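Letters A, B, C and D mark the chains in the order given here, with residues in each chain numbered from 1 onward.
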């Protein structure tokens, strides 16, 4: 017994030493190289450029924004923005590696560097900018939460929905907004059913499992357009009970990449303002005398090419427009088929919110 | 050289001393594991620092408002996240208990059916077992939810509820039945009931004792039941009737109110878990029955017991002892598989946690806590089955 | 001479035949299993080429005694020296002693997944690094010695108990040990098979192998043993020649035991 | 005469097995009706539905939406490789089992043996063949048919080569069979450069399951030995590991792998999502394998280890030559059982959003031409069917093995 006691003491001592050594070693590490690998969140712009492609976090299941068709092709608003960023960074809209993310794990993927940029229909909120370690950039789509109900139901506003059963997608702010909106309307949510998968919601809704389906209006519009039996079977209540500015995000502390991505987005907006489309960009480049446009398209002037120091190629605006298109084109290709108007997503010149800072 | 000249009991060199080697080996293992953990921990610290998310030891997120309700519970959005987690925990335990009871009944029946001399019954049981135990439980659950409840068509739409007035009402939203609820705090009357059970049990023991001593029938179970019921009724009256009945009814807008509602999500999860796990329990039952020596059956036959008596009095009690360790494994699996609710819209412990994380709770702490809670449940299940195993063990074996 | 005191009656009563010299020495050996003392102050010497038979009632510590000699059990106090090597915590000493002692178990403990020949040649090849061909030649020779050369390519489960035990003896012999330990080698055998095993053991004794045999076979003891050791409650009660032992034991307890068993 | 005999025989059988007494007759009627109804429902479902959605998405179901065009040759080559290796092993096994009666060896190159080979193969693998036929009929793909025929031909030729190998080469054939999937994975991942994130459908779950089993097995053995160790630290660490991973649901572990593991690693070391899932499957299954192997170790008599010690074998040789070969042989059926479990558990990748069959099944129903038609039951059924057929076949093989090894009889 005595021997065992000694042995145990020795083991404990060695273990303590070992852990102490390991801990000290780690302290040294982090103080000497300033965090190095672990401290920096996300790959730097330079390492991405060196890599020749970037990882764009998106999804595969939201009509209009990012979805796969039967042949496995990706299409959608978010998908095109991934390509626009690739066109800006590498001059090649194909230089993007899509990573499908879940609603629940998208921020972790961003934090862990599994994706470089998150373009996944994600709402810009305070806590996400803060606690989630994400850095939201220019908003590409101003959305808001709405409520889809059956056309023949009596619901005209949330006030009529006291005790109703509401279906929604799990793991988003949707349920939090819903509860707030019902409280403001002075009514109670009967049941909120959070599903893992929009397809399950559609099945459940069709069976009459829920009275309403709440989601971003853009998503609801997409579902309504393709509603079995025709869009006239359902309607979307007029109330919009949240602000959902959707846009790309990178991880905190990655300023070079953030700037580059943000200006890739602005390129599409500015192009629409200039009236440049993928169809006429070559012609405009050859003929335009407007110094703003010439600077924007990265044309050679007497004093050289304009370089704002974003770390992007001089002709990145041209590449974005040529290979992907301007904001209006992207919108029309992907969002208009859902039956949504431009609305607040019109250019500022048309009274909307889409506005790019001057490129100079 | 003779033994007598053998060296005195000298210590061998350190690197050859088995005791030293043992200590060093274990210390090395500890060091390796310790260094690995320390490395992971320091990475965690660094990542948390650089991302500006709460420190890994900070559990204050639990005290923030949850901001959402949970379908079928009284939780309000203004209550804390801790309260939400508690609702989830209770639901997980509830699913486990109800699921285990139903699984045992179905599984044992199927196991016996597997051995039936009726070819059709045995075949039916075999097809059942092969069908369910080879299908992933997640597939079973989603399929039951969609195929049975949502698209199955046997639950009517809202407004067309099937109704047995004051007793039952069913539509796609769920099946509501007449239910007893307490007007006030349930505890006083529950205490009375516990007391009544204790006294009733005492009466059973006492009458049994008298029966053994005097050899005359004394109806122990009956007298115990009478005493229990008498106490329960007297207690209920004395407390001024602390309960009320809640009957389901169809409201003007077609919705069913009142009663206790079994939602399709809960039902699908429960049925899916039970159907899947019962296929395993059936195999355990069959194997255990076959493991009880054939001689036992023959001996019981020789004593003139009927087939049913042989099964109930001789075979099953012995098979049960063989079956308990694998059964307890299946019960644990069922409990853990309740986390599959994540796939359909039923909110239990795992679902609450993943919702919290999606809404800004720190992932590390939230999942650490979740894992810890599951470990506690596993430990409790293991303790209970060990206890039962100990009680059932045949002395001298 | 050792500096440690050795029990008086044992010191000179050792060498009864042949080459002389002591090969195994146990001095003041104690062994505990928890609170139970299995061996109490055991002192014993075994000379080269000597055959010692250990008898005693069950639970008297006979098996523990021989299991300590090749360190299957770790003794708690005292000294055990085998062929000049003291058993201590020294992993090298343990390996050396095990290499020099062969052991035969009550339950045979053949390796069921290996053929008879592989059973016999495993240790020479792995421990002594004997080339396969050499090891197999040696192995067949050993099987010859226990008179079952024809079973070499069978698996243990295809043999009778007596044959299995003889394979076990061959397996131990293949390591060319200096000492053979037998732990009730015939207790698990059907009566008609006991003799063939005992014959092999007698044969072995005739070759001059040093043997310590725990057994209940008094006939064997009487015929082969140079000395008989009687143990009870972890202690050596009496030691003597077979002749002395079976005709005129000095201790009362020995007489009582023999009267029960014979 | 014969017909009458058969009739009487059948009548006796029916009386004996279906209508022994009144209660039995009632049971027969009730269960007969139930079985007939369920069979009718199942058949009308399979035959009555329009399988267009599954037909169009067959490639997505099998390999995921990201692998297309020439990349499709990657999984095809993998299948061919595995088919050939399995053929070689079956041949070598057949030869070694009938070493003393060469006449009983089935040689694929001898037409006289074809009937027997076909009969045995179909008897053992009919569910898989049924599935392949179903898929081929549904898609009507000539390429698919040719690929399948080539795989069968390779297995056939492999078997012919296997019976011609020298006697002692079963071990090598087994090794080759074990290596074939690894080589296949390497070809797909590196030969064709298909990124882990692009693996999907049954290719993904087959990879995750196989990799999980292969990697968890050594870890499980190690943990089982640790748990049996007399050294308190080894034992304690092993027990803590095993109990943790057995106590926490796999869903939770996968969520942890998906959401938390990234926090524990330096950025550059974080593997992609499918690999993280494989790591979780490995860690999880290792704990269960450890318990299975521990059962095998406990079934060994203590004398085995003692005898080896007494012969002077060093500890690691005792473990690798004496203890493990016997312990593992005793638990082969349990190992297969655990592998079936893992195969079913790969469906949980649904929950962390990987392109696994269930998630794809629901994704198909969002395609414009199939949207909102309630087709999810159909696609889910197909996904479930493949899961079922693989685990059903494996469990039948495991039972066969159990009977062959006589494990149950001991």
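We take it that a contact is a pair of C-beta atoms (placed from the backbone, for glycine too) under 8 Å apart; a residue touches a chain by one contact, two chains touch by 3 or more.
A quick note: this is a predicted structure, and the numbers were derived from the prediction, not measured.
Among the remaining chains, those touching chain A and also chain D are B. Of the two interfaces, B-C and A-B, the higher number of touching C-beta pairs belongs to A-B. Here the chain at the heart of the structure, going by C-alpha means, is D. Look at where the CA atoms of chain B average out and do the same for chain C: the two points lie 56 Å apart. Taking each chain's centre as the mean of its C-alpha atoms, chain A lies 79 Å from chain C. Note: centroid distance chain A to chain B, computed from Cα atoms, is 41 Å.
If each chain is reduced to the centroid of its CA atoms, chain B and chain D end up 29 Å from each other.
Within chain A, the positions touching two or more other chains are listed as 11, 38, 40-41, 104, 108, 111, 196-197, 200, 203. Multi-chain contact residues of chain D (touching two or more other chains) are listed as 233, 255, 259-260, 262-263, 265-266, 350-351, 374, 376.
Each chain pair that touches appears in this list: A-B, A-D, B-C, B-D, C-D. If you check the complex, the residues on chain B that touch chain D are 22, 25-27, 29-30, 33, 40, 43-44, 47-48, 116-121, 123-124, 127, 130-131, 133-139, 142-143, 146-147, 151, 332, 336-340, 342-343, 350, 354, 357, 363-364, 367, 370-371, 374-375, 378-379.
Within the complex, the chain D residues that touch chain B are 17-18, 20, 24, 27-28, 31-32, 34-35, 231-234, 237, 243-244, 246-253, 255-256, 259-260, 262-266, 340, 344-345, 347-348, 350-351, 358, 374, 376-377, 380-381, 383-384, 387-388, 391-392, 395.
Taken in their complex, chain D has these residues touching chain C: 301, 303-304, 306-314, 317, 321-322, 325-326, 329.
The touching residues of chain B, counted against chain A in their complex, run 19, 22-23, 26-27, 30-31, 34-35, 38-39, 42-43, 46-47, 49-54, 67-72, 77, 142, 145-146, 149-151, 157-158, 171-173, 255, 263-265, 342-345, 347, 351, 354-355, 357-360, 363. By the touch criterion stated above, chain C contacts chain D in their complex at residues 70, 72, 95, 98-99, 101-103, 105, 107-113, 122-123, 126-127, 168, 171-172, 175, 181.
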